[in-house]
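Okay, structure first, notes after.
Each chain gets a letter, A, B, C, D, E and F, in the order it is written, and its residues are counted from 1.
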Amino acid sequence: MKLVIGIVRPEMANDVLEALFRAGIRGLSMSKVQGHGGELQRVETYRGTTVQMGLSEKIRFEIAVSEEYVDTTVQALSEGGRTGEVGDGKIFVLSLDSVVRVRTGEKDDQAVTPVKS
Amino acid sequence: MIDTGDTAWMLMATALVLMMTPALGLFYAGLVRSKNTLNTFMMSIAALGVATICWAFVGYSIAFSGGEGGFIGNLDLAFLNGVGYEPRDGTAIPELLFMAFQGSFCILTAALVSGAVVERIRFGPYLIFIALWSTLVYPVMAHWAFGGGFLATAGTLDFAGGISVEMASGFSALAAALLIGARKDYGRQALLPHNSVFVLLGAGLLWFGWFGFNGGSGFAAGEIGVLAFTNTLLAPACTLVAWFVLDLLRGGKVTAVGAATAVIVGCVAITPAAGYISPIWAMVLGTIAAIPSYLIIVWRPRTRVDETLDVLGAHGVAGIVGIIFIGFFAQESWNGISDGLLYGNAAQLGHQLLAVLVAPAYAFVSTFLILKLLSLAAPLRASGREEAVGMDVVQHGEEAYVSGEGALLIKVGSGDGESEKLLKTG
Amino acid sequence: MIDTGDTAWMLMATALVLMMTPALGLFYAGLVRSKNTLNTFMMSIAALGVATICWAFVGYSIAFSGGEGGFIGNLDLAFLNGVGYEPRDGTAIPELLFMAFQGSFCILTAALVSGAVVERIRFGPYLIFIALWSTLVYPVMAHWAFGGGFLATAGTLDFAGGISVEMASGFSALAAALLIGARKDYGRQALLPHNSVFVLLGAGLLWFGWFGFNGGSGFAAGEIGVLAFTNTLLAPACTLVAWFVLDLLRGGKVTAVGAATAVIVGCVAITPAAGYISPIWAMVLGTIAAIPSYLIIVWRPRTRVDETLDVLGAHGVAGIVGIIFIGFFAQESWNGISDGLLYGNAAQLGHQLLAVLVAPAYAFVSTFLILKLLSLAAPLRASGREEAVGMDVVQHGEEAYVSGEGALLIKVGSGDGESEKLLKTG
Amino acid sequence: MIDTGDTAWMLMATALVLMMTPALGLFYAGLVRSKNTLNTFMMSIAALGVATICWAFVGYSIAFSGGEGGFIGNLDLAFLNGVGYEPRDGTAIPELLFMAFQGSFCILTAALVSGAVVERIRFGPYLIFIALWSTLVYPVMAHWAFGGGFLATAGTLDFAGGISVEMASGFSALAAALLIGARKDYGRQALLPHNSVFVLLGAGLLWFGWFGFNGGSGFAAGEIGVLAFTNTLLAPACTLVAWFVLDLLRGGKVTAVGAATAVIVGCVAITPAAGYISPIWAMVLGTIAAIPSYLIIVWRPRTRVDETLDVLGAHGVAGIVGIIFIGFFAQESWNGISDGLLYGNAAQLGHQLLAVLVAPAYAFVSTFLILKLLSLAAPLRASGREEAVGMDVVQHGEEAYVSGEGALLIKVGSGDGESEKLLKTG
Amino acid sequence: MKLVIGIVRPEMANDVLEALFRAGIRGLSMSKVQGHGGELQRVETYRGTTVQMGLSEKIRFEIAVSEEYVDTTVQALSEGGRTGEVGDGKIFVLSLDSVVRVRTGEKDDQAVTPVKS
Amino acid sequence: MKLVIGIVRPEMANDVLEALFRAGIRGLSMSKVQGHGGELQRVETYRGTTVQMGLSEKIRFEIAVSEEYVDTTVQALSEGGRTGEVGDGKIFVLSLDSVVRVRTGEKDDQAVTPVKS
């Protein structure tokens, strides 16, 4: 099993979600992060204080999948999140030692496959 | 004869009191958890709708018609029948304005009660509850003290609502909390105010509105109104400082939520007494009123009574303090009506104690009965699971703070609904 | 002769209306996405600057000078020439105050229009737009109804701005939305209110201000002002409850954003009629006004018209309802001026319908032309990328909610600028 | 004789000014970092408690008793002795109301000073500071200009507090900032407003309140009050637009925090002049007042002086501009009292310059001495670590925005305290 | 060493915390995420706009532990977070290459064991 | 490639950022978390409710780097984030199986090296 982490633009988050659902990915977690990459920094001014905002808002997806789904997931993330302009984000794939479903205690592949409830 | 100055002030005072209800919504909304924000705010907004209508239809008549010394008015003025430009006796403003001013009190008081049952009561039954409450509880108690009812004729002094507003809301809140029961996480988890800026701003706006509430209760831009107004500045200021001291004694730190609470307590305490006592006595009242309310608000969460936003501690108790205080310190040289014990009129204290006996009892019992009856018709509170999800989503289908990610548009009438299907099978 | 009571109330009423513009900013800001919060709020704040100046320079004169029955005033009072302490005919307040009161309407109305184009219009062109709009649209329409223009002489009744405020803003908003076009994500993504507490508080403050808006439109602390004031309490209360019912029928849940909307719709509907109909009819008006606005607000998002914050549905439509309602239910026994159809004066309905014909047309066409002309000079809306980033950063170089991490100070004049260099090459 | 119209307006004006203090708390709270939100807001709330009491006890007497032309009043009116329903000479409102109105100024001004020292001053010493400040600084300066003191008798004109409010707060703020010292991260990190919606709403409410502040400073619902009121609309509107232009020139973008600041600067500048100059000159004053304040607010953060929320730039400087402007443009035909240089009375300019010499000096020196003395008794500011943690947690044991996760309930009296033990050893 | 990531319901967060403390876990980090799994979606309505909220609020724990503590941690998470209804969450276990304590620069197992301060 | 996760104090976040930039690290993501470690808990009081706040605010950095940069990154994080007092935070290093750049689809080391845009 792998843990796929995808960082994308907030305005693309819904497109990514749709792409993931279409690809049959059913479990995922999402959070807001701020990222720095090759994007242009923006300058902001508050009264006499001028600042360079080095970070842009991004959305981070965290998705545990069984091996066979890794490529699909990466593809969904990268196609759903792409605009072609700098700042589109990154995808990271890590190996997962194990997965447990809290509700049932099921382990590993069992736990990343949706169960009918 | 209508006096333009009196009318100008009463128009403004009425607007101020009406503003207090959304301000209360904000105050209460800040005190609950974020998943119950809108629901809590909506309980106040709903009062602006429901209680207003009940007031115009029958409430005003129940409160302000009928003979002297009764328990309840009649329906002579129902549906605003005959309520027009002609002033009521003793005032120089159109009765229509008098009706609106008094109505704003009913609305606010109904909203106050909601503080006892936030985060768990279902919104539908709540709407029916405030309709009944603002018909059967507030107007009756207002009749006693303001509408020529038995307390008024007995000589009880209540300037701006220690009886029908403060004791009524406080003891109704207690009844409601007991009947509805505690939140499922009460006493097990820390249930904290999610936005104390709203609490402070709400308290600030409530104080602002209270100048109209008390200052307008003389129905004129005259001496008594000015006295009441000034006392509404002085008393809460003293309560605030007293609360700082109590906070310091207790935990070494002055708290902001405490300060907001102090403002309310101070305003409540001066409410019945505002037009009857001298400014210096008002400062004394403000100071000492802090103590019982503080103690109750600190002690109550250790009990099993989840009277969530402490309406009893802040309103009921401080209202009693204010009502009794009049019995001691009323001064005819200031109010032109009556002296208290300290100025030689011991009877006044008796009149005041009468109110303290009957008002809490009626408020508690009538509210309890109303809710009990309602509970036979429909469950009053949300299920444990709904409580866990939060009342905003469950009762209103909304969230207070939405970021928009993960929200898929449902295109009504678009026919394809593809994304929904995806989501549903997902 | 100046009456101090009238003046006291008009001072206060003017302050209340002026407070409505920031309240509207808050209301609108809560309804948009967080990345456009400040920009949306600033559109209202800007009106307080730009429209005020235009009003003092020429707007007041256009609206309130000139002979009877005309289409537009002249420049006799331009730059407040001759506007001083002397009251205008029929009032007992200094003309200066009359000017300020009327100006506060122009400011608010200009700000209202912004609701149609938030989240995409560029701020520079917007400033020029409200300058032109508050010179060429509002004052002209105000002249028709309030300044002795052809509607006033024709007998059309409009107490506090059903024509120049509500219909004007609603139909101008429609024109602006059509000309500016929809947001790029409109109809594709869920574009949700980011803070509904602001929406509720904004609505509460707007209602508070509306007591001055309608209550002050009699220019006196007298009978008619009191009637208008009271109706401004009763009508929106009924709209609120009607909206609850409509919400329940539609989705089984009473919504908070809906309640806030209902408050506005109710206030709008009673605006033209406030001083002309009885309290009970005001309650009827409040109730029925809910329906057309509700339907339009639910239906509009299914169309391609991104009239974003539904100014047409809330203001234009409810304004029309109010104007027409007068034609049926005006009552001379209350207003001292004229009866409606129901009380035997069918002609009144004709006068009212005249306004419904001309006002929307002028508002729509003139706004469309102004924006069309402006669009020739400069692009009116932000690019798709800018929309994605958000108008706060793009137009104002600020964010509404800043946490500070990742913000590197640019030390102006410090010479080294090392951290910037690091960041820039980073 | 009491005039009901005057009294109505002064009741309302007083309520408006009292509302400004929580509004200021909101404005300031939005400008600081989120970890200092409540502490900042509480500094204003505290003024409502502490300064009110000081005012009733001695402040009012110091300001408004004593003979003509003096430096300081006496204690004849201490503890509100003799302050009752009888109007003061030249007014037609009960003196009690006059006292409350003037007191609201003292409260607000004390709160204003806190802007200089937010995010680092300890709350205990701060409370003592405002007690002393609102006894020794504000009332003395109010005596000079309003209470028959030497500036009043010299002929200096100050309508609503250019001296005791604006210059007093601005230069006291400077002294406080210098004595307390900069925040530890000042000049090294970006210290940004955490919620600009609060800033805009706060500014909007402050402007609303300012209509009472200036409009009430004629103590009557009459011509001069109307003039002051109207100028309080016109001048800030011009400042706002001027600020837009300055912002555009500087960075190409109109900023929201800038707009909020402009509103304050405009209101401040017109404060001393509101009842003395014509509406058109008020617009000029509003426009030109933008420039010095803008420059100082942009320049100050490059210095080592962490006068955090720019009280000097916004209040001190704009107050001076307003005071001097009177010397040139006062117009007897409008104010009934005196002309300025432009209208042939060069002496007036001299009287105005006198105030500019003495007021800043007294404010600066007395504030510096008070704080210096206090600093001998106790440390005035939090430690570097406490600053890092944030003043809300450290000084008040609260957070403005709590989510509740990770908060373990401490069950007082429950005896087991198991979870605490777990946490403590964790 | 392992990095244990646990995603649970917000209303169970305090129970999880207690379970972890009871199990002797001393270091952890927590953040808010939004998750999609088998939960029912809720429909929300804002004026004329009706939306399907596909994500529910969750709390994400991130806990670095030495091998011997892995099972205890997983157990604490899953017992503390269980309600038995769909949506209880997932636990992921990843291998950690190394851990550093910022304050002291200590490495690996040293760094996940609490030091007396 | 490694994924370096660093948890530091919020007030040190800007120092860490500077240290990272100085060390040539160009891509990173950052988020807010709440952490529990050896820090003192604070007690807070809201009316009658007294609570122990077991968690303190922290900033979490997530940085994917090629092997050669791992040490530099860890060093930048730990030096930039150090105050020497309890609560400075932790750094975790995990192995990354692969990295994808959303914009271009580039993989692995390619994807963590900044591209001129």
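Quick note on the criterion: a residue touches a chain if its C-beta (ideal position, glycine included) is under 8 Å from a C-beta of that chain, and two chains touch if they have at least 3 such contacts.
This is a predicted model, so every value here is computed, not measured.
Novice: Show me the overlap between the contact partners of chain A and those of chain B.
Specialist: Output, common partners of chain A and chain B: C, D, E, F.
Novice: Out of curiosity, which chains are bumping into both chain D and chain E?
Specialist: A, B, C, F
Novice: If you tally the C-beta contacts, which comes out ahead, A-D or A-C?
Specialist: Contact tally favours A-C.
Novice: Same or different, please, for the chain C to chain D contact, judged on whether over half of the interface numbers appear on both copies.
Specialist: Comparing the two copies, chain C and chain D contact each other through largely different residue numbers, since under half are shared.
Novice: Can you compute the centre-to-centre distance for chain B and chain D, using the mean CA position of each chain? Integer Å is fine.
Specialist: Averaging C-alpha atoms per chain gives centres 32 Å apart.
Novice: Using mean C-alpha positions as chain centres, tell me how far chain A is from chain E in Å, no decimals.
Specialist: 17
Novice: Report, in whole Å, the distance between the mean C-alpha point of chain C and the mean C-alpha point of chain E.
Specialist: Taking the average C-alpha coordinate of chain C and of chain E, the gap between them is 49 Å.
Novice: So the centre of each chain is just the mean of its C-alpha atoms; given that, what is the distance between chain B and chain E in Å?
Specialist: Taking the mean C-alpha position of each chain, the two centres sit 42 Å apart.
Novice: Which residues does chain C have that touch at least 2 chains other than itself?
Specialist: 3-6, 8-9, 12, 189-193, 195, 221, 251, 253, 255, 257, 302, 397-399, 402-403, 405-409, 412, 423, 426, in rising order.
Novice: Which residue numbers or ranges of chain F touch two or more of the other chains?
Specialist: 14, 17, 26, 30-32, 34, 36, 44-46, 49-51, 54-55, 85, 94-95
Novice: Should the pattern of chain-chain touching be classed as line, ring, star, complete or other?
Specialist: complete
Novice: Going by the contact rule at the top, pick out the chain E residues touching chain F in the complex.
Specialist: 3, 17, 26-31, 62, 64, 94-103, 105, 111-112, 114-115, 117
Novice: Where on chain A is chain B touching in the complex?
Specialist: Residues in contact with chain B: 10, 13-14, 17-18, 21-22, 25-26, 30, 32, 59.
Novice: Okay, in this complex, where on chain B does chain A touch?
Specialist: Chain B residues touching chain A: 403, 405-408, 419, 422-423, 426.
Novice: Provide the residue numbers of chain D that touch chain C in the complex, in ascending order.
Specialist: 3-6, 8-9, 12, 16, 33-34, 187-197, 200-201, 203-205, 207-208, 211-212, 215, 220-223, 225-227, 229-230, 233-234, 236-238, 240-241, 244, 251, 253-257, 259-260, 263, 279-280, 283, 302, 334
Novice: Inside the complex, what are the residues of chain C that reach chain A?
Specialist: Where chain C meets chain A, its residues are 185, 189-190, 385, 388, 393, 397-399, 402, 405-410, 412, 420, 423-424, 426.
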